Amino acid sequence: MAGKSIIDILEGIPREVIYTIVLIAMIIPLLRPLGLPVPVSKPIRDWYDAIESLPPGSIVLVSHCSLESYPAFESMQVATLHHLFSKPVKLVFFSVDITGLAVYDTLLSKVNPKGYGKTYGVDYFHIGYIPGVETAMKALADDFKAAVPSDYKGTPLSQIPMAANIRNIRDFAMVICFTSAGEVSIGWVRQWVVIWPEVKYLCCVLDMMLPTMRPYYEAKQVTVLTGSAAGGEYEFLIGKPGSGIKKADAFTGAQLILLVFIIIGNIAAIAKRMSKGGVR
Amino acid sequence: MTRFPILEVENMPFNGLTLDLLQIVAGRCLDLVVLVIVWVLAILGVRMLKRGWTPKWRKIAGLEALEEVVGRAAEMGRPVHFTPGFDSLTSSTSPQIVAGLAVFSELARLCARYDVPVICTVGDSTVLGVASEIYKQAYMAEGKIDRARPEEAIRYLSGDQFAFTSAVVGIAEREKPAGNVMVGPFYAESMIFSEVFYRIGAIQVAGTARIYQIPFFAIICDYVIIGDEMFAAGAYLTKEPYSISSIFVQDLVKIFALALTIMGLIAIHLGSKVLIDFLQW
Amino acid sequence: MSVLYRRHIPLAITFICGLIIILQFFLVPTKITEPWQSTVQYYGVTLTNWANLLANFIIGFGVVNITLIHVRRIMRAKSKADKFYSAWLLFVMVVFIIVGLFGYGRMWWTPLASNWDWLQYYILTPLSATVYASLIFYMASGCYRAFRARTLESAVLLVVGFLSIMYKTPFFQAYAPWVIRTVDWIAAYPAVGAYRAIQVSAALGAILLGIRTLMGVETGYLGRRE
């Protein structure tokens, strides 16, 4: 550090310092929530309204995330399932990833459908993992019973009461997708929405994927598009606070620190250019 | 469905010409027409090339920089790292992997020429065999097959995304390559790779057609190959006539798409949906 | 004979398989009405299934490669840490293989099934999530270094990046709603336009690469560039 001016230090802050400060900025709100405001954004309101507007008896396909992206989607999925189970609708769960069944078990343990008076097989069931992503989506759209002979436990569909009326894509009112894979989020557009535009498509992806899905949202092929980080807003809206609201403070802390570092870096770079002629 | 259904079919398509052959699926007729036109234009382009026509190439800085990467590694006495991404040759991103392997082919030849060790890390077994073969062919082309070490150079790390990521980070920290070339489909690991190799001082060339990873490469890597520049890599590096003509045809189709966009914009504002119907033909 | 075997036959196989898939896409509708459509569909689906089978069996090739590399490292590495890590990798790989082969429910031996789930939930998933979560630190240092206004383009990148970070921060969503409107406009118009242009050209590039592959010009997948 000897021989370095304050401008040099601020322009080249060691990454260890950056990492430590970001870590502290995230840990403090998790240990002691700051109570920062969590405003509800338009996409979350639209998501809420879309589910609220489902007619009683509607069948909704829920394509949940894989195990490795579960931490990112946990709050949004749990809040969505709380909302769906509180409505008189029927749910069909589907996994595009082989690790998805573990996610399903974890989600249901957190949501507790029995508390809403829901029964497996009557109000919801899981069709398991079907390999092939878009091939699987197309198979479900064309002929549900041919694509899914049994549920994830091996029970034939003929023994599942709510499966009796499901023939193809036209029997679904909505598909809700939580995914970190662009092929999956776009696949639902290509294989479902394009074939049957009446089905509503609610898509929750990682925030960095929002620009990718935005053209489909602008073309009205995605009914509602939101990022996974908005789980806290949804929990707040439905009145079921959970991990999402806690993470919102940590998220704010990390983002604010990031902005501060960017400002510091630019001020130092400009000051250095003005004082020494801009030698990098 | 029986074991040999073709023996039970009455209207077999190769039993003389029938109108059945013209029953194109609704909504895909324009796709087929464009595909056929593109194919024909590519062949015509080759004829024009053989008659002396030379198209002008825009320089793709990332591909031009491969020699710089290998040269720097030769000076520093350190290896070059290459990865074609994480996916499989049977997945929907296989064109990107093939494009990445085309770059690896050139990179391996340069490394063989300048005696620079290359480390090729792959995340899928389907790519492993192809990469090994490319590596051996490159050394053979340079007359240095005795120095080829595919068992050390080509490394299958893991089929799990973040295990693959961790392994590449470990290779970067331990073996400290002087150059890093990443061309193919990348996911969340793009930022991690870029940062780690920047940290060890490697010169980086990165390319992907996965749009939302391009910004991460753009802000950190020295050279970025964006989208279709990656698919042109094979043609750019080999200067093979069929490949060059296909790149020319690609640009023609882009101009056609742009013209359709403008005409569609005008048509929609005049209240006509003729172009929408045409595109759905 | 060598050229026939190493080049012409593989290219012919590629062309025939590609042609079948193309015919399936253009000639077979969702609801099959003609017998020949079901024939084309059958061969297309069979080829796809064969590709998936090959991809799964070739995993063994990767296991052999890993074993060779790490056994060699154990024998030759100078550092004890390298030897230990390679030995540990081989040990864990063997454990996963044994539990996966004999412990997967409904496959072989049910008593080990819960062990596979345990390995998946309590070892693999937390490790993957940890590496994924470490992205924030790399992004922090990357943004600090890259978002500098040196040129006009980098200044635009700085402004848009800064606004995007503010957009996703709940604090600014509450106290600076103009950020939401501004970033929504950027995301809806300039960004979408640029994204669509890159997507169209990337898709065209992939199509032409496919045509070159079918024509036998692009031979990268064969392991040779001629």
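As written, the chain order gives the labels A, B and C, with residue 1 at the start of each chain.
By definition in this document, a contact is a pair of C-beta atoms (placed from the backbone, for glycine too) under 8 Å apart; a residue touches a chain by one contact, two chains touch by 3 or more.
Since we're looking at a predicted model, the values are computed, not measured.
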Chains in simultaneous contact with chain A and chain C: B
Chain whose mean Cα position lies farthest from chain A: B
By mean Cα position, the chain sitting nearest the middle: C
Interface with the most contact pairs, given as the two chains involved: B-C
Centroid distance [mean C-alpha coordinates] between chain C and chain A, Å: 20
Centre-of-Cα separation between chain C and chain B, whole angstrom: 13
Whole-Å gap between the CA centroids of chain A and chain B: 30
Per-residue overlap in chain C, given as positions that touch at least 2 other chains: 52, 128, 132, 139, 141, 143, 145, 147, 195, 199
Where chain B touches two or more other chains at once, by residue number: 161-162, 188, 211
Chain A, residues touching no fewer than two other chains: 15, 68, 211-212
List of chain A residues in touch with chain C within their complex: 13, 15, 18-19, 22-23, 26, 36-39, 41, 67-72, 99, 102, 131-132, 135, 142, 154, 195, 207, 210-212, 214-215, 218, 227, 229, 232-233, 248, 251-252, 254-259, 261-262, 265-266, 269-270
Complex contacts: residues of chain B adjacent to chain C: 1, 5-6, 8-13, 20-21, 23-26, 28, 31-32, 35, 38-39, 42, 88-90, 95-96, 98-99, 101-102, 105-106, 124-126, 128-134, 136-137, 151-152, 154-157, 159-163, 165-166, 174, 188, 191-192, 194-196, 209, 211, 214, 216, 219-220, 226-228, 230-232, 234-235, 238, 240, 242-243, 246-247, 249-250, 253-254, 257
Complex contacts: residues of chain C adjacent to chain A: 30, 48, 52, 106, 117, 120-121, 125, 128-129, 132-133, 136-137, 139-141, 143-145, 147-150, 158, 161-162, 165-166, 168-171, 173-175, 180, 187-188, 191-192, 195-196, 199
Residues of chain B defined as touching chain A within the complex: 92, 161-162, 188, 199, 210-212
Chain B contact footprint on chain A (complex, rising order): 15, 68, 133-134, 180, 182-183, 208-209, 211-212
